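In the two complexes below, chain A is the common chain; its partner is chain B in one and chain C in the other.
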Partner chain A sequence: MSRGGPIPIDTDAPSPLITELIYRLKVRDVMTRELKTCTVEDSIRDAQQTMKENGVTGIPVVSDSRLLGIVSMDDVIRALEDGRIDQPVPHYMTRSVIVLEDDMPLSFGISYMEKYRYGRFPVLDAGKNLVGIVTSRDIIIALLLEINKEVQRFEDTTRQAETDGRGFRLEYTTRKFDFEMAGRLSTETKKLLKDRNLPPKIMRRVAVATYELEMNQVVHSVGGTVRVTFEPDNHEVKIVAQDNGPGIENVEDALDEGFSTANEWIRSLGFGAGMGLPNTRRVSDSFDISSSPEGTLVRATIHIPMEEPDAAL
Partner chain B sequence: MTLKECARRVTAEWIVSGDDSIEFHDVVVSDLMSDVLVTEHDDFLLVTSLASEQVVRTADIVDARAILLANGKRPQPALKQLAVSQEIPLLTSALSTFDICRALAGCKEES
Partner chain C sequence: MQLSDLPAALDLSIIQDQYEDCELRGAYTSDLLSDVMANADDVDVLITIQSHKNTVAVTTLVGATVILVCNNRPVPDDMVEAARGESVGIFRSSRSQFEISGELYRLLASP
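Up next is the complex of A and B:
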């Protein structure tokens, strides 16, 4: 990436995921349904008391489920200034209320917040009945919950697992600089091997190799996959790491201990000492690597000694 | 040396508790997890001033028995959470890495 180029993030349009989300969610999905209301018989003081008790700064004025207006803190203050706080609500309520409909997409709610600058919008159903109220807090909470679900869904797609008797195949997708995700494959692999009673030394070698390869992709590549396959019948664990570039300029150099192209920031995270590939090779029984600008492929195999009673089934 | 004795010598605070009777026979001191991954030791105490969750990942892979953070490092929440789920005791000491090494020197001979 060139240093002088534009920042490769479109700051004008939100991500497609967020756009899809705010159209998919309806106003009814985010609104508060438990309404605190007042009637035309109530005084401004009554309305203010209801707001205070419920910690809100505005309440709808209703007759049955028909919306007649809204009393907000501003209206209460105006009544106070006039010394008429005990007057009935209709004297001070706001009558021209901007409302949302419950089947509008959430995007409407967000643009209304932006356009009208009110703290809350009453929500009506198709029969013009008041069914809820939306504040910016409701929108933020609903969005956070949905984004959380989306992220969870996304993370789930980065892991694939298959088991076949004692054997298993486990694959994780790595992303550039996603240090939090790196190591999940090795942790899970080690656990699976432990459940299968493999010798501790073998487990450790497999875990070291997968971890180094995961970390290598996170630090140096644009992302890729690391796959571990345990084949009990062949008495071996195979690890295949394949990334999508930019490739290693000089593979021989990269296999030298201490050779590293990592920057200071990566080193401050405890990695980038130039030990990744040499260390993977050290713990593997067979190791080969090929690299081009399109990507790097590493295959490492660790044999499980036959004489180990557990490993021989 | 037991973890309890170690904690006493470096006046450590327990962040993730665990079996304090754990015996370790070696100490690996490094801020570079790549170096820790190369060690051949088993059952050791990992002393580091790196406080990211990769410390727990690394400790788990190389079978470290416990983690001691130096220089009064506070763990990031993700580190603490991972240590809990991996059941690795996590301690922190206000001492510098050098002073921790001095305090624990001799643990090999004693064990």
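Up next is the complex of A and C:
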């Protein structure tokens, strides 16, 4: 039988999401149901022809829907070497076949791939009928599709946006040390404001405030949300950053430029110099902050000069 | 002097060349991104050793167009990709921020 390489997932301690996926998915969810099979009356040559036509390297041998064995390319080669390619398949098929049950969690399938190193595993139902076949390719495709769904679900919960005429409300969820995500709110905000022809200076002030507040949550808090609301009628952009703790010990100190509790690693990324809150306050027309061990709430507002956005329209 | 004249003038290698060329107004030199956000005003080039995806975000945020990475610091692939997405150019030099800034300052000051 051809050998499938191991699937590089540690089935003992993968990430919680992958653990959930490989237990939630059953073998029947990933298996191929359209089976190419041969019978005991077929010759090795017939089996080889079927493999060639279907681009597979092994096919089950069945009688009704009972699995009797598997003929693989290796078996075909053995028959060729013996000069007996026209013999019926039972002379060369592999009889001791490792099978999976359709009700097993996918994690079993992955462990079997690791343990037995076969390229394919026939799948039987509870009545011992052959109902499918699983290759490492089937598993990878199924996992990719599921991971894609999970990522989409995650993105949906991370970002919320509402538009109302020229106005908009945008909210992003931040997570501790998730530097990849941080900055996405300010980038998107900047684009939305640009579409609305706001003065570049205003856009920049809003972007600086949102970026610093996002970074602050990523660096210092356990995570939270940052929300930007543009209210054209009130001529202002409001930014509200709320996290879930652990709070700022001394808010006055935190507003002092240069005061920082960030570690070396954060500093090596170009942040954590104690400029986040002072920068935010400097670019804001109104700024207030409250903090307790339960969390920190920052509200910053930037006024839009009345004539400018209209003039730019 | 145009932005696109920089690589030849300062002997820079070009890492990411998809950006909008413009007349070079000035540059800002800093490795501290919060400092860049606070103080880089009306500049087109950020001279830094901070080569990270976040540098691209901050560069667009302050309205600059090119990141000039000094000391031949490695530029991660995801940074190049982010820069391409935001039309931010990336140049690189083996020289330090001090040397590059000094030379560029002289170039811009000379008539």
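To be clear about the criterion, the second predicted complex is superposed on the first by the 192 of 313 C-alpha atoms of A that agree within 3 Å, B and C clash if a C-alpha of one lies under 4 Å from a C-alpha of the other, contacts with A are read in each partner's own complex, and residues count from 1 in each chain.
Operating definition for what follows: a residue touches a chain if its C-beta (ideal position, glycine included) is under 8 Å from a C-beta of that chain, and two chains touch if they have at least 3 such contacts.
Treat the numbers as computed from the prediction; the structure is a model and nothing was measured.
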Partners on chain A (chain B, chain C) - clash or fit: clash
Chain B versus chain C as contact partner of A:190, first or second or both or neither: both
Partner chain in contact with A:180 - chain B first, chain C second, else both or neither: both
Partner chain in contact with A:51 - chain B first, chain C second, else both or neither: neither
Contacts of A:202 with chain B and chain C, given as first, second, both or neither: neither
Footprint overlap on chain A, comparing chain B with chain C: 179-180, 182-183, 186-187, 190, 200, 204, 207-208, 211-212, 269-271, 273, 275-276, 279, 282
Contact set on chain C toward chain A in their complex: 31-35, 37-38, 50, 52-55, 57-58, 60-63, 86
In the complex, chain A residues that touch chain C: 179-180, 182-183, 186-187, 190, 200, 204, 207-208, 211-212, 215, 269-271, 273, 275-276, 279, 282
Chain A contact footprint on chain B (complex, rising order): 31-35, 37-38, 42, 48, 50, 52-55, 57-58, 60-63, 78, 86
In the complex with chain B, residue positions of chain A that touch it: 179-180, 182-183, 186-187, 190, 200, 204, 207-208, 211-212, 267, 269-276, 279, 282
